[in-house]
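You will see two complexes here that share chain A, one where it goes with chain B and one where it goes with chain C.
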Partner chain A sequence: MTRTRQTVAGVRASARSFFRKPFNIVLLVVLPALSIQLYGISLAQFPKFEFFTTAASLATTGRITGAVFATGALAGVLGLFQIISARDADRRLSICGIPPRDLLISRFATLVGISVIIAAVSTGTLVVLLPDSVGAPVFAFVGLVLGSIIYAMLGILVGSVLPRELEGSLVLVILADMDNVLASGIFQIDQRITRFSPLSYPHDIVTQAVVDGTFAGEKVLPALSFVAVFGVLAVVTYSWTVEPVATGGEAA
Partner chain B sequence: MRSRVTTAVTMGLREFRRTPVLLGLLAVLPVYYIGAFMYIVPDTSLPVTIDGESLRVPLADLIAALMTPLTAGLLAGIVGLFVMQSSKEADGRLRLAGFRSRELIVSRVSLLAAGGLLVSGVSLGVVLLGFTPASIPGFIAGTVLAALTYGVFGVIVGVSVDRLSGVYVMLFAPTVDVLLFQNPMATESPRWVTLLPGYFVTRATMDAAFTTGVDGIQFLGAVGYFAVLLLVGIVVFYRVTDVTQEK
Partner chain C sequence: MSDRTQTAPAGSGSATVIRADRIEKTYDSWLPFTRAVEVLDGATLDIRAGDIVGIMGENGSGKSTLMQILAGVLDHDNGTITRNGSIGWCPQEPRLYDRLTVDETFDLFGRAYDMTEDEIEDAEDWLLDELDFERFRDRQVRHLSGGNRQKLNLSVALMHEPDLLLLDEPYTGFDWETFQAFWDLTEELGDRGVGIAIISHIINERDRFDVIYELHEGHLHREVVGEDTDTTAPENCEDPSTTEEGTQ
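On to the complex of A and B.
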């Protein structure tokens, strides 16, 4: 089997293991809708305090926050669980001679593919559920894709460093919840802090696309930097956990 | 019965002890979550109505008071979810080996309570460094009740859906419930939010945090909600581990 065919087979197998479970499909559709609505309703309950610094109404900001959070969280938790469940299988495959790099490529490609699908579902749901029309749905989709991929990489990274579901979930849930607060833009928070919030850039892109209908191009590079940093760290840690067996060493 | 329960609880606690990373995370994550939240909010105060009293409270204090039951509930819920998931098969086997359902239930609830107390203790420790509630015993009671309520909620979720879906539920449910829907800053809450697990317990905790008199009705409501949730959890647990049905 050629390297390309191996990778394609790996992507297909990983994607099939996700889509095989009907509940995953249900989550993919229901979770963004639920999150968008719940965040929209919950923020709409608050009066407009002077320290709220939202670009749009609280209901719209809530729905945007819900969309960004649901997209990131879905991809992140999926990345975490995929990498933890694939670890043993990948170790065995590396013993069988498949290079760890190929295994990694197929895992990453699957997650990026699913992340794009998640972002597409979230964009569609946001367009339907927002009371006002979305200024530029395509730009909102770009923002959501970035948020989704950042969190998919973060999920892989957390899963590689903490390869147990309970510990990994605890870390990812707390990071995602805190990141969502920082990114939401509800409070005026020092930029020296928010610049370290991975979701803040996708959130800004989506907000600008929804409210102004323009593209926040200056936010793309920082967002891609998060993808690159998390991606490189995830590759290094995941390779480290899989590779030793292939080279005859002790598994991590 | 007591020796079997003691054995099961001891084994469960030993399992906890064997995972120092988990214990470390349960100690560190509340520090990050609560500490960071208290640090980032603007230095301002706002008018809120708690238990019918109109008050003006610093935003950082309000957030500290809200984050304590939230963090305890969130972490206890995730622990409850995974305790249930990991013990599901073992408990089925223990039933076959002669353990009674009520022995298993008592041991699992004890284990959950231990986890809930741990995360409550850490969360309270962080918050009490920077915020003094009006009634410290009431505030502690509210936080522990939040941990227990969401711990049992996590157990029910853990029995009902798989781990991946369970983590999604726990990712959203406590935060949206406690931080957003039960937030005293909210003035136009829909009526259905009174049905959520965080309703009574958050009101009781806020009351203990900012008013001098502890509202017994809210505490009774929180205990009642916990009792009902526990009952549902026991029924669900009994069905999962009832080996006579596995034919």
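On to the complex of A and C.
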């Protein structure tokens, strides 16, 4: 009962902190649209060379790649900001009596909620901006949710290890960019390398949903493996940074 | 992290609410061309129920480090901390959520202390009235003035009526009326048996304290206000509730 009350209070505090920042809302609306259009327009300029092995036209592939990048980078950066901005207050809460694991559960729950919203905005934007119709928007949404959660976990991890907004967001954006190039499928890159690209699985799910209207179910497990690995690392590092030496919050 | 915590049998009473014995703390760095900074070197302190204790020392002497070690925020390298009862910690910088209102902050920390809704409401009403910031209860923390933010910071430490209060320069930004209200409240809490440790720079306040610890070169020098005694180690306490030792 106590744990539930505390976790609910933690989720409510995190969600309020997030949605009361206008900058977060602006990023949420603007970044997917900007990224999808820029990637789409940029790739559409390329002539179709032999080494481009995309399942759809370059303009469509570009927009899918833009959606996956925007979703991953946005979730990662917002996860990072959540952890850094609440770090000191979380530490004080843990001294007052909320165990770090419960604080982390409330952070995870908030970030999963935010990830779903990011994926929904990206899916909606993709549907509106793609020249062709999206075969199965729901499957595309599932793929983007997975990409979003993978990077949200990575955001917590980076925020715990490198608690600085500028440096941390640079690391995440550069990682997401490199990851996205590997995941895009535009270039023929050895699969032994691309299988270590976290975004490649969400990207494949979204591409198949958009182009064929089917669900790439075999990509879900590898994507969830990345969620699990980054999630465990995030738990360990976050707990290490927030865990108090002793708690003094016992009520009188 | 600390290597050991001991719990004494239930019912073991003691007037000591916290005792720090020969605490050592050095800030190490793994970066090249940086040097380790030794902050505490055998610091010993004892706070009893009802004591109002001042911790003084020059800038950078390690007062905040000592207080964080006492509160359990920071680990120490060597020595023993013995805590007996609940603690309220008011850090120098308010560690609060900027986007929550005053009401929401009381609710969040009240739940962290495992207080009931009624207890939280009563504590909030009491502290808003006592420190006179009732009219700001709907305002987000980031929109509060420095003084009001500090009142909230102090309130969060006080709201669960702890046995020991650890206050790191708690009145920064207070106006004169609030400063007086703070000391009235402190004396009232002291009379109720709450042990209170306050980091202070204001030399004129010395008479308000029962005991003053001067932190100098890693050591604590104890002075009982109104007496000439000056000892570096207070007498031993008995029957500790919780004992925590350093790691090295």
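The working rule: the second predicted complex is superposed on the first by the 242 of 252 C-alpha atoms of A that agree within 3 Å, B and C clash if a C-alpha of one lies under 4 Å from a C-alpha of the other, contacts with A are read in each partner's own complex, and residues count from 1 in each chain.
Methods note: contacts are C-beta pairs under 8 Å (C-beta built on N, C-alpha and C of every residue); 3 or more make two chains touch, one makes a residue touch a chain.
Here the structure is a predicted model, which is why all the values come from computation and not from measurement.
K.L.:
Per the contact definition in the header, classify A:I189: touching chain B only (first), chain C only (second), both, or neither.
P.N.:
Only chain B; A:I189 stays clear of chain C.
K.L.:
Where does A:V181 make contact in the superposed view: on chain B (first), on chain C (second), on both, or on neither?
P.N.:
first
K.L.:
Touch test for A:R5: chain B only (first), chain C only (second), both, or neither?
P.N.:
second
K.L.:
So, does A:L74 touch the first partner chain B, the second partner chain C, both, or neither?
P.N.:
The first partner, chain B, only.
K.L.:
With both complexes superposed on chain A, which partner does A:L162 reach: first (chain B), second (chain C), both or neither?
P.N.:
first
K.L.:
Considering only the touch criterion stated at the top, classify A:A15 as touching first (chain B), second (chain C), both, or neither.
P.N.:
neither
K.L.:
In the superposed arrangement, which partner chain does A:A44 touch: chain B (first), chain C (second), both, or neither?
P.N.:
The answer is first: A:A44 touches chain B but not chain C.
K.L.:
With both structures placed on chain A, which of the two partners, chain B or chain C, ends up touching more residues of chain A?
P.N.:
Larger number of chain A residues touched: B.
K.L.:
Of the two partner chains, chain B (first) and chain C (second), which one does A:D88 touch, if any: first, second, both, or neither?
P.N.:
Touch status of A:D88: second partner only.
K.L.:
Return the residues of chain A at which the contacts from chain B and from chain C coincide.
P.N.:
21
K.L.:
Inside the complex, what are the residues of chain A that reach chain C?
P.N.:
2, 5-6, 9-10, 12-13, 16-17, 20-21, 85-86, 88-89, 91-93, 95-98, 243-252
K.L.:
Can you check the complex and tell me which residues of chain B touch chain A?
P.N.:
That would be residues 19, 21-22, 25-26, 29, 32-33, 36-37, 40-42, 44, 46, 59, 74-75, 78-79, 82, 86, 161-165, 167-168, 170-172, 175-176, 180-181, 183, 185-190 of chain B.
K.L.:
Would you pull the chain A residues touching chain B in the complex into a rising list?
P.N.:
Touch residues, chain A against chain B: 21, 23-24, 27, 31, 34-35, 38-39, 41-47, 49-51, 73-74, 77-78, 81, 162, 164-167, 169-174, 176-178, 181-182, 187-190, 193.
K.L.:
Give every residue of chain C touching chain A within the complex, in rising order.
P.N.:
Checking each residue of chain C against chain A gives 1-2, 5, 69, 71-75, 81, 83, 85-89, 91, 93, 95-100, 104, 107-109, 111-115, 119, 140, 156, 160-164, 242, 244.
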